[in-house]
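Several structures are given next for inspection.
The following pair of complexes shares a single chain, subunit A, combined with subunit B in the former and subunit C in the latter.
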Partner chain A sequence: MTVTQVRTEPTSRGEQVGAAQSAAPTPRRRPSHRARSALVAWAFVAPVVVYLALFYAFPLIRNIELSVRDYTVRSFIDGTAPFVGIDNYLAVFRDATFGPALLNTAAFTVLSIVFQFAIGLALAVFFFRRFPLSATLRALFLVPWLLPLLVSASTWSWMLNSESGVVNAFLEAVGAGQINWLTSPQFSLISVLIANIWIGVPFNLVILYSGLQSIPEEVYEAASLDGANGWQKFWRITFPLLRPVAAITLLLGLVYTLKVFDIIWIMTRGGPAESSTTFAIWSYRLGFGSTLPDFSPAAAVGNLLIVLAFVFGLLYIRMQRRLDPS
Partner chain B sequence: MTSRRPWWNTLLGVVLTAIMLFPVYWMVNVSLTKSTDMRRNPPFLFPVDPTFEGYTKVLTQQLPYLGTSLIIGLGTVVLTVALAAPAAFALAKLRPIGGGALSFVLLIAQMIPGIIMAMGFYAIYLNLGILDTIPGLIVADSTLAVPFAVLIFTAFMSGIPNELISAAKIDGAGAWRTFRSVVMPISRNSVVTVSLFTFLWAWSDFIFASTLDSGGDLQPITMGIYRYIGNNNQEWNAIMATAVVASIPAAVLLVVAQRYVAAGVTAGAVKD
Partner chain C sequence: MNISTRARLAGVLALGVVATGSLSACSTPSDGESANSEYTFWDPYPQYDETSEWAKVIDACAEEAGVTISRTAFDTSDLTSKALLAGQQGNSPDILLIDNPVISTLAEAGLLTTAEENGLDVSEIEENLISAGQTDGDTFGVPIGANTLALYYNPEVLEAAGVDIAEVTDWESLTAALEKVVAAGKSGITFSGIGTEEGSFQFLPWYWGSGAELTDLASEEALSALTLWTDWVNKGLAPNSVIGNTQTTSWEEFLTGEFAFAENGTWQKASAAEQGFEVIPIPAADGGAAPAPTGGEFLSIPVQSDDARYEASAQIISCLTSTDNLVETDNSLNYIAPTAAAQQEQLDADPTLAPWVDAVGSAQGRTGDDLGTDYPIISEQLWTAVQNALTGAQSPADALADAQTQAEEGLE
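Entry: the complex of A and B
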């Protein structure tokens, strides 16, 4: 990180200075002084390190342990859970839900991101025209992102209700037929997608807008002098210069979307059948969805999800460093 | 980019915003609809004959949930700021050995899906016997915010001039005194940003609530809504009224601290 690179420089310079000023009052006290300040620095950091170990590392390790043993509710009480190695993972791969869950996770993630990004970018470019009221309206756009997910999910559930939902009432009014949004296998994934895109647009809008702000005005002025029209300006200037910020937005969107649970669980519970089951939903359903929990396979599914998230997470960090090469 | 027709843009902007916020409007509209009109087809587009029966139910049935959420939210904020601010000060100004590695771990930690954390916490809490307790849920909820908080604080505190820190040192202040009396007062804006987001996340949390606190006496408001949806599928005005009330912190946040919100979103994503 930047911190480590910056740190080495003053240290070596400090040593040179120390060597040059051999007549300096107490050169010998230097190391112990530095050791003391290192200790102080660590005293400030220590609580978070302990916290990370206790509340991140430990649950994660516990989760891995769950996934390589055969845990039942009884196991927690009498402490017996036989070691089964990768059996849980094999069982998950063989499970009939695996294929649909993989497809749904991929479709849900990719489509969410594509639409959130496209709509967010269009809106960012639009709001960048800075017309009267634009700042206020842009702020209002944040509302869906700030609402508790449970609130958004239940509102969408009622709006998409087959008999009494306002969406079907609108479709009927314009002459289209009713759609069983949440209760038919063809539409359940589309329904949760619509809600998730709605929630994610503000985030994309805000980040891409800040990306637009960082493009120097002069570039546009120069393009105008060269006679470029609005469309050309967008494709030749905005789009290429926005690419680093866009890449980060997309990768963050990916990491966030893989995590999505609340919306799908409230709206469809992953159903009907498995038509809107993603890995996150599947894991939750195995672990907490019934009175007879299957913690071990649930943990195995969760660990697969974490591998996916980490792959994209590392990509994100690489991108971010390339963007900020200090 | 200046436009020739700003007036048109404003109109289009208003229309787009109206479309975007329609679900929010609909939530309010349904919360004011009479139970007898709930299944009306087509539904009333405006609260023509508003009723407050939904809100009455909120007051009689949901107050304990709201109180619990308030306590959990505030507890999470205190815990998060207390943990994150000193660490960020060290990362920004004291440069501890391994600081870079720590920042990296914090970035990674943000990417762990909640369901995985929930499962690990469940196994641990079950053994410790602290399922269905408020402190347990506060600790779990703080994991949503601590990495973000450290990264935001570090970004902010890096901007504090080193001369200020040195001056405090010359005046004889130790590192802790410098942190408390110099750094924290200057960092007020970032404390506000972090606190607002932390509160909102703890308030909105459902996955930890439903896994770690689904059987206790004191449950957060998200569980209140969840139980409503599960139990009485017909009373959507009460469900939506609860949803409206549960949205109040988000609304307050937007009105009171709009600039902090946008700053928080971008700082969390683009900087580190």
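Entry: the complex of A and C
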């Protein structure tokens, strides 16, 4: 109801404004004119504010609310879930899955980013020296990025199948014997890591490549005149000048990797025996993995992920401030 | 001047859009309350569009009840959360067709009406099949059809290995047959031991076939069942891939023709017939058919604010579960009908269904025995134990002991 009033008011005022302006505006009206322009400013901001509130603030607050109450399927429907404070978080910390999930999440994220970044940077530098077919080859490297995750993950789980996968067929052909990539607790995390690195390389390649293009050519020329070799040029020029781009690439990579779900779910379901369960997988399993959803702990795990990403976001902002003295 | 006027106009318009948007959002539910002859129907059959027989049967039944139907098909895994959310927002569909283990969850949430409230006649349905929809003596839905698991075999592989299928009657003779097949250079058995509900579903015939009960995961009988599976994998009688197999990937393995046996469901019988595969009931530990879990969906009537709507909904459901419609629907879904009369009609038309009618007859509901919403908690521990034992992360005995402890904690 209040919304309707807001709507009718500016309309009528708008008409007044139009009328007042077509006539000669008198100086006395200035203050109200300023108030009106403030109102107009708010009207412009309103869609963004409403959008943010509806699609960002509300889900976030709802998720926090879910995690500090004890929701069962019944209380989820009738809204009578009792407030339990941080009990759900404590239960999550005490859960036998917490330790392995934390380790898996850390290993998965760190190793993914390190390899994606290193390979992406190496490829970016490689393709930066333009040579025949370099554009075509660079485009081909984007394929993993263009494929739907469902397709890539299914293809990887085919290739890594214990009995009929092409990877094991090759290993057996060279006499290395069968590795249970997806079905042994020792290898499942490595398998999903390999797939995730493969998917993440093009993203790093593209951003770092565009970063390279912004480094002025003269710097390299000057270095050549001073007799710097290729290695020195990379470590003394390319790497330091690439730092701002590298920072944002790493941050985006981190946020993407923390929340990776599809690849792991399709390839291993977080198993076997929780050996590839990350926080994202755990949260999903709690909330939707069985026919009896456990919303409150699922939301708690999800919030932990958000906090993690947020902490690294703050780190990034601090780092950027230090890099940029102005 | 011109610009600022235009800008103001745009701002005003933007506000107007937001205001009308939120207003109409507020008014929708009250529109839906008024007497409305359009009934909503949700099912997990996205493979059937509006031109399919299934959609036509629903429309015909709605017409008989004097209403129109608006049907929405969801992916099975999506439907549970959709149904819960809709319940929370007070806009549940009039009729909900949903996987049978979910019925107890939705009933627990207070979202479903009992047969007593909605006036549905459930007397015709076979007792073991409707048990999945019953809690504390209340019935929350009727099965549209049932499927279950059995043991498919490849006669060519068995013949080449010199195995007589008639001798496979219990676990010991089955393991002996697997050993013979593997010795002859073929693969033994494939199943799905994945770490989801599907894995529990596949393990249950062996679990129940050992005499174990879901209320005690750490029993001797339970141990014997898990040891059977673990030994198969360790001795190479079952491939390592069973740990990650879904029922579909397991079936794909069987289709290669390399395997002697595959545990799979009623829904593969057409594919099996095409390949010349045959089927026997899953043997219990000491012979006889093991009880397999029932699969298939239940028709239910979610709670509405206007309880006058139940009458037409119940009428539509009775029509959908009349013998003629059941036979037609279940034939196209590869299901066995849930009533004796409809089963007889299916058998008359296709006598090869006999082993399946028997299997469904001895099957039992997962959420039956008054387990209800305890089942999902127990089942999660069961599939975890299976995964831990098959991968060698734990011995079967430790895996089951842990599972029992965790299940007890979860049920507190």
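Observations on the model:
Keep this in mind: the second predicted complex is superposed on the first by the 270 of 326 C-alpha atoms of A that agree within 3 Å, B and C clash if a C-alpha of one lies under 4 Å from a C-alpha of the other, contacts with A are read in each partner's own complex, and residues count from 1 in each chain.
FYI, a contact is a pair of C-beta atoms (placed from the backbone, for glycine too) under 8 Å apart; a residue touches a chain by one contact, two chains touch by 3 or more.
Note that the structure is a prediction, hence the values are computed from the model and not measured.
Contacts of A:Asn303 after superposition on the shared chain: subunit B is touched, whereas subunit C is not. Comparing subunit B with subunit C, the partner in contact with more residues of subunit A is B.
In the superposition on chain A, A:Glu163 makes contact with both subunit B and subunit C. Of the two partner chains placed by the overlay, only subunit C lies in contact with A:Ser184; subunit B stays clear of it.
In the superposition on chain A, A:Phe127 makes contact with subunit B only, not with subunit C. When the two structures are aligned on the shared chain, A:Phe288 is found in touch with subunit B and with subunit C. Within the superposed three-chain model, A:Phe44 lies in touch with subunit B and with subunit C [touch as defined at top]. Legend: residue contacts after superposition of the two complexes on their common chain; A:Ile207 is shown touching subunit B, with no touch to subunit C. Applying the stated contact rule after C-alpha superposition, one finds that A:Leu111 touches neither subunit B nor subunit C.
Of the two partner chains placed around the shared chain by superposition, subunit B is the only one that A:Glu172 touches, whereas subunit C remains out of contact.
Once both structures are placed on chain A, subunit A residues 3-4, 6-7, 40, 44, 47, 76, 157, 163-164, 288 are touched by subunit B and, in the other complex, by subunit C.
Subunit A contributes residues 3-4, 6-7, 10-11, 14, 17-18, 21, 40, 43-44, 46-47, 50, 72-74, 76-79, 96, 157, 161-164, 178, 180, 182-185, 268-275, 288-293 to its touches with subunit C in the complex.
Put simply, subunit C touches subunit A in their complex at residues 1, 5, 7-12, 14-20, 22-23, 77, 80-81, 84, 87-88, 99, 101-102, 104-106, 108-111, 194-197, 239-241, 243-244, 253, 256, 373, 375-377, 379-380, 384, 387-388, 390-394, 406. Against subunit B, in their complex, subunit A makes its touches with residues 1-4, 6-7, 37-38, 40-42, 44-45, 47-49, 51-52, 55-56, 58-63, 66, 71, 76, 123, 126-134, 137, 139-152, 154-159, 163-164, 166, 169, 172-173, 198, 201, 203, 206-207, 210-211, 220, 230, 233, 245, 248-249, 252, 255, 258-259, 261-262, 266, 280, 283-284, 287-288, 295, 298-299, 302-303, 305-306, 309-310, 312-313, 316-317, 320, 323-324.
Of all residues in subunit B, only 1-3, 6-7, 9-10, 12-14, 16-17, 20-21, 23-24, 26-27, 30, 38-43, 82-84, 86-87, 89-91, 94-97, 99-100, 102-124, 126-127, 139-140, 142-143, 146, 150, 174-175, 179, 200, 203-204, 206-207, 210-211, 222, 225-226, 229, 236, 239-240, 243, 246-247, 250-251, 253-254, 258, 261-262, 265-266, 269-272 touch subunit A in the complex they form.
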